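Next, two complexes with chain A in common: one pairs it with chain B, the other with chain C.
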Partner chain A sequence: MVRHRADYLYVAPAVLVMVLVIAYPVWFTFYLSMFSTPPNLALEDKIFVGLDNYARILGADSVHEASLNTLVWTVASTALAFVLGFGAALALNRPFRGRGLLRGILLVPYVISAVAAAYVWRWLLHSDLGVLSALAMATGLRSQPFNFLDNTDTVLASLIMVNVWKEFPFVMIMMLAGLQTVPDQLLRAAQVDGAGPWQRFWHITVPHLGNVSLVTVLLLLAANFNGFTIPWVMTGGGPAGASEIWITQIYQLAFGRIRFGLASAYSVILFAVMMTMGYFYVRALVGRDRAS
Partner chain B sequence: MAEVRLANVRKGYGEALAVDDLSLSIADGEFVALVGPSGCGKTTTLNMIAGLLEPDGGDILIDGRRVNDLDPKDRDIAMVFQNYALYPNKSVRKNLAFPLQMRGLARAEIARRVDEAARMLDIGHLLERRPRELSGGQQQRVALGRALVREPKVFLMDEPLSNLDAKLRVQMRSELKRFHQDLKATIVYVTHDQLEAMTMADRMAVMQGGKLQQYDTPERVYAHPANAFVASFVGSPAMNLIPVRVTDGGVAGGGVAGGGWALDLPPELLARARQARGGVLLGIRHGAIRLLPSAAPGTVAAEVLTVEPTGDITFLNLRLGDTDLVASVPPEQLIAAGQRLWLTFDMARLHLFDATSERAL
Partner chain C sequence: MRRGFWPLAGWLYLGLLAVFSLLPMAWMLITSVKTQFAAIQFPPEWIPSHPTLDAYAELLSPGREIGRVFLRYLLNSLWVSTATTVLGVIVAVPAAYAFSRFRFPGRNLLFYGVLLRNMFPAVVFLMPLFIMMRFLGLVNTQLSLILTYLTFGLPLSIWLLKGFFDNIPIQLEQAARIDGASRFKAFLLVVMPLSSPGIIATAIYSFIQAWNEYVYALTFLNDDAKLTLPVGLQHFFTEYATNWPGLMAASFIMSVPVVAMFLVLQKYFVRALTDGAVKS
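And now, the complex of A and B:
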């Protein structure tokens, strides 16, 4: 055991940095969540209120609405991005002319800065000046401008569409990598055994992609649950809170209304949900590792 | 069961010809080994019989029917792969049942055949396990079982033993041989290991550079190699091939000479040696060389370089003139490196090859 003492020394700098930038903020958020803070930066005037902030967050109607939005946003974005990305990966997995070029083009959304993309899409979807609305009118699909973002019924769906566009290439790359590791010999064996293309896909390829699918979906779920940039830049949660999700509400509470105590309590709730998801993520990975 | 016939089959990859004008007949119930070094075209040939590769030319016939344009599943063949290619997410039972399900057999029939194969291969206790929970030998048996349940016309096996450790390989070799004897199955077996081909096959097809070098029983291939390549490939250690030139004169009227040594040949061998257009390769297996402690008529002197005891037999690396060769002695005969010995060759087991064409003379 003594011989391992030096090992701790080697990881000490990393641990120190992590304590500074992760552990301390987490602890301070938790601490602050027990206080009512004044609507300014004079944190020394805070008043201890126990779990009152939590009660107010969990009891607020706006939070309930945002919770439903968060669920729809997270699940729909993940599911659609996965389906689209997997489809693209399957299409790109067989050789054809221009495959490399197409792969490059499909990758573009993923490598563009999220803020820049969100701004561009905000203009594309603009009801009066947007290209998409104008196209719909020019082709006679609609007689009047279409409100993508200024309509409480369509705003969340529009954001989800942009989000899916932004992250499906990630799925594509992950699944393409997975597809390329499907053992050729298994596919040949199945072919000799009499399996057609669809049966080979279902019996060989799909089971082989189990691990990479799981990792991809869980990473997407976490990223979307925390997905701040697109909703914030495109709508800021509006109109009338129709595209409000947890993370935009927290940001608004903390830095718009300067309610640090309340925002901290909200953050702790989000943190707990994320950690629960993380727990299942790690458990699923470890379980599969053991199994294989 | 069925016979397989290849007629002038060709297959190229880009510029290179992997299989060059191959014709081969495999009789009903015969165990044929395609053997050769890597890149000789043996696996390509097997994949063409299976239907996984399409030949560029020539015909493949199974039971007299041309199958060139048939899908693998319609050829009534089963294949055993080098890495077994078991479906990792399916239990052994489901692995065995898979080819039958794909053919839409009734459930009861599937169960009957799976149980029968499991009993025959002694894997009944493994049916609920996943492939990764099995040892290499067990996986090998399951792979064999998956081919067996199909009751195919032809079994195709692609180096099925090469992933096993040496001891298990020997054991599986005799199991495969018994499998063949019990089933009277037509088997085409690809291997790079000449010993596997020798021990199991009824006939072996020795290939090199996409061309068939010799196709005959293991005994005949060993005793009468068609050319210098077959001679050096079959048998271990490899046959000694010594470049010599044909000489005239002497008591016998002629012989051969290497760098710094000469040997008279009997008239029959001499006549054959004289057919060579250029030089001659003298082929002699280690067992056909006798060693004497002192000089005698018809012997040549050699120096012992190294001694390699293997238990049953001791191999000697000798230097004869300017070439090296391998001879063997019983382990009781104690010989030291650096010792000088006199060799005689068993003339009945001497092989002569044309040095230019490498063909047997």
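And now, the complex of A and C:
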């Protein structure tokens, strides 16, 4: 195909906008991470501190505590959403009446605004008036209302549950699409040869889902690692930092305490972890393209 | 295998999952038709004994304080989301067309760059963007949100649209060009009409994203009158009490159009969103 210089004109507006709003901020975050910024954000008064900000972030106890929370939050949300969503995809992957409606119902959590979801879950998990407490009492599981969000032992688990509720439909539609690529003839041939449901599942279905699972899991990991709205609206990191994760700490540092330099260094550290994940993500995608 | 253990287990599982999915929406609706007094009873009334639409009436009456504020946020959200959507389509359509049709150096790199955007945390972009917006004098304007949503929505819009363009046979354009149409004219008269369902689906998707966005709106706007709905919801919390019926009614009004639009068009979204991940 002949190349036309004009071809670039079609892409130019999109590229320009993205360079301005993506490449520049990335560079600026690196730059700012080496300065101490004044609380009024008068940037001409910033002071060069080298790698001091990094040392302070990496040495802070609160950051260490949030690291474990971040790990648990990211991994548990991803694993549970994947299992729940994959199960739903498997159960939906056969023709029956009302299948479209059921899929629609299960997609509702994914579509609804995260803020509205966070508020309604705060209401469901309310310490004195919550529906979940009332349900537990009505079924005789508990005699007292249960304090989900003001309890340092259960707050993170509660947030993970809400996050899983929000995300499992995404896994469901991805895996459902993946399941449709599994050749029917192969499954039937295996059945004729006497393979049971488990054998068909493990030896035919699962190997066909490698790529789509990889992409889905990595997208989930990225989304959870960056998840902000649910923890911020539901607990703001509390009580006593028990649900604090990196992202909520960065936001608090930047816009609560107006320490942009310090928060930028924290962001760069988060970037580094992200980029490592991103590297695998792109490699998985490129690998898939080559295979096709 | 019509009967047996697995189909039954599947039904049971889907049933439980459906309850889990719908419980929050259901309780939102139930709380929204209670009075404040009924809403804070414990144990709660599972079915409201005296259902009332008072919370909705209050939200939608411009004469009441709470209605005035809510309607303003609703209009703000509509304006920001609509502007984002229209501008987004104008920029994304040509780019997606180029990605679908042309082979140019750096095409792949650029496209993976576009996808990589998904990996970057919004919160990390906040500080540089905040400073940039301050420099441009855009802090506390809705334009700052429109520009941000526009750029952050582009990667996915381009990805969705490219999928739709890929499905239109290139021969149709070639035929038009043989008949003397310029490339642009062929694009405008052949490709655009054929891909209009895809363009509409993409537009609605970016509308939903802008409508639901929280963290940028929380950070860039501080003038009460300019807030969008997701941030405005915090108004239902006061120092003394939370207006739960009001909050739930507002959340319901905010959620229903979005859920409805998505469900009507779910076929397109599901196909477009998953196409890239399963093609092999």
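A few remarks follow.
The rule is simple: the second predicted complex is superposed on the first by the 274 of 292 C-alpha atoms of A that agree within 3 Å, B and C clash if a C-alpha of one lies under 4 Å from a C-alpha of the other, contacts with A are read in each partner's own complex, and residues count from 1 in each chain.
Basically, a residue touches a chain if its C-beta (ideal position, glycine included) is under 8 Å from a C-beta of that chain, and two chains touch if they have at least 3 such contacts.
If you're wondering where the values come from, they're calculated on a predicted model, not measured in any experiment.
Model built by superposing both complexes on chain A: chain B and chain C fit together without a clash. With both structures placed on the common chain, the touch criterion links A:Leu186 to chain B but leaves chain C unconnected.
After overlaying the two complexes on the shared chain, residue contacts for A:Val273 are found with neither chain B nor chain C. Rounded in steps of 10, the angle chain B-chain A-chain C defined by Cα centres in the superposition reads 80°. By the touch criterion stated above, A:Ala240 is placed in contact with neither chain B nor chain C. A count of residues in chain A touched by chain B and by chain C gives the higher number to C.
By the document's definition of touching, of the two partners only chain B reaches A:Pro207; chain C does not. In the superposed pair of complexes, A:Gln199 makes contact with chain B only, with no contact to chain C.
Between chain B and chain C, the minimal CA-CA distance in the chain A superposition rounds to 11 Å. In the superposition on chain A, chain A positions 292 are in contact with chain B in one complex as well as with chain C in the other.
Residue ranges on chain A touching chain B, taken from their complex, read 183, 185-186, 188-195, 199, 203-204, 207-208, 210, 292. Touching chain C in their complex are the following residues of chain A: 1, 3-4, 7-11, 13-15, 17-18, 20-22, 24-26, 28-29, 32, 41, 43, 84, 87-88, 90-92, 94, 102-109, 111-117, 119-121, 123-124, 128-129, 131, 134, 137-138, 145, 165, 168-169, 173-174, 176-178, 180-181, 197, 211-212, 215-216, 219, 222, 225-226, 228-229, 232-233, 247, 250-251, 254-255, 260, 263-264, 267, 270-271, 274-275, 277-278, 281-282, 285-286, 288, 291-292. Taken together, the chain C residues at the contact with chain A in this complex read 1, 6-7, 9-11, 13-14, 17-18, 20-25, 27-28, 31, 40-44, 91-92, 94-95, 97-99, 102-104, 110, 112-129, 131-132, 134, 147-148, 150-152, 154-155, 158, 208, 211-212, 214-215, 219, 230-231, 233, 244, 247-248, 251, 254-255, 258-259, 262-263, 266, 270-271, 273-275, 277-280. Chain B makes touch with chain A in their complex at residues 50-52, 71-73, 77-79, 81-83, 85, 87-90, 98-99, 102-103, 132, 146, 150.
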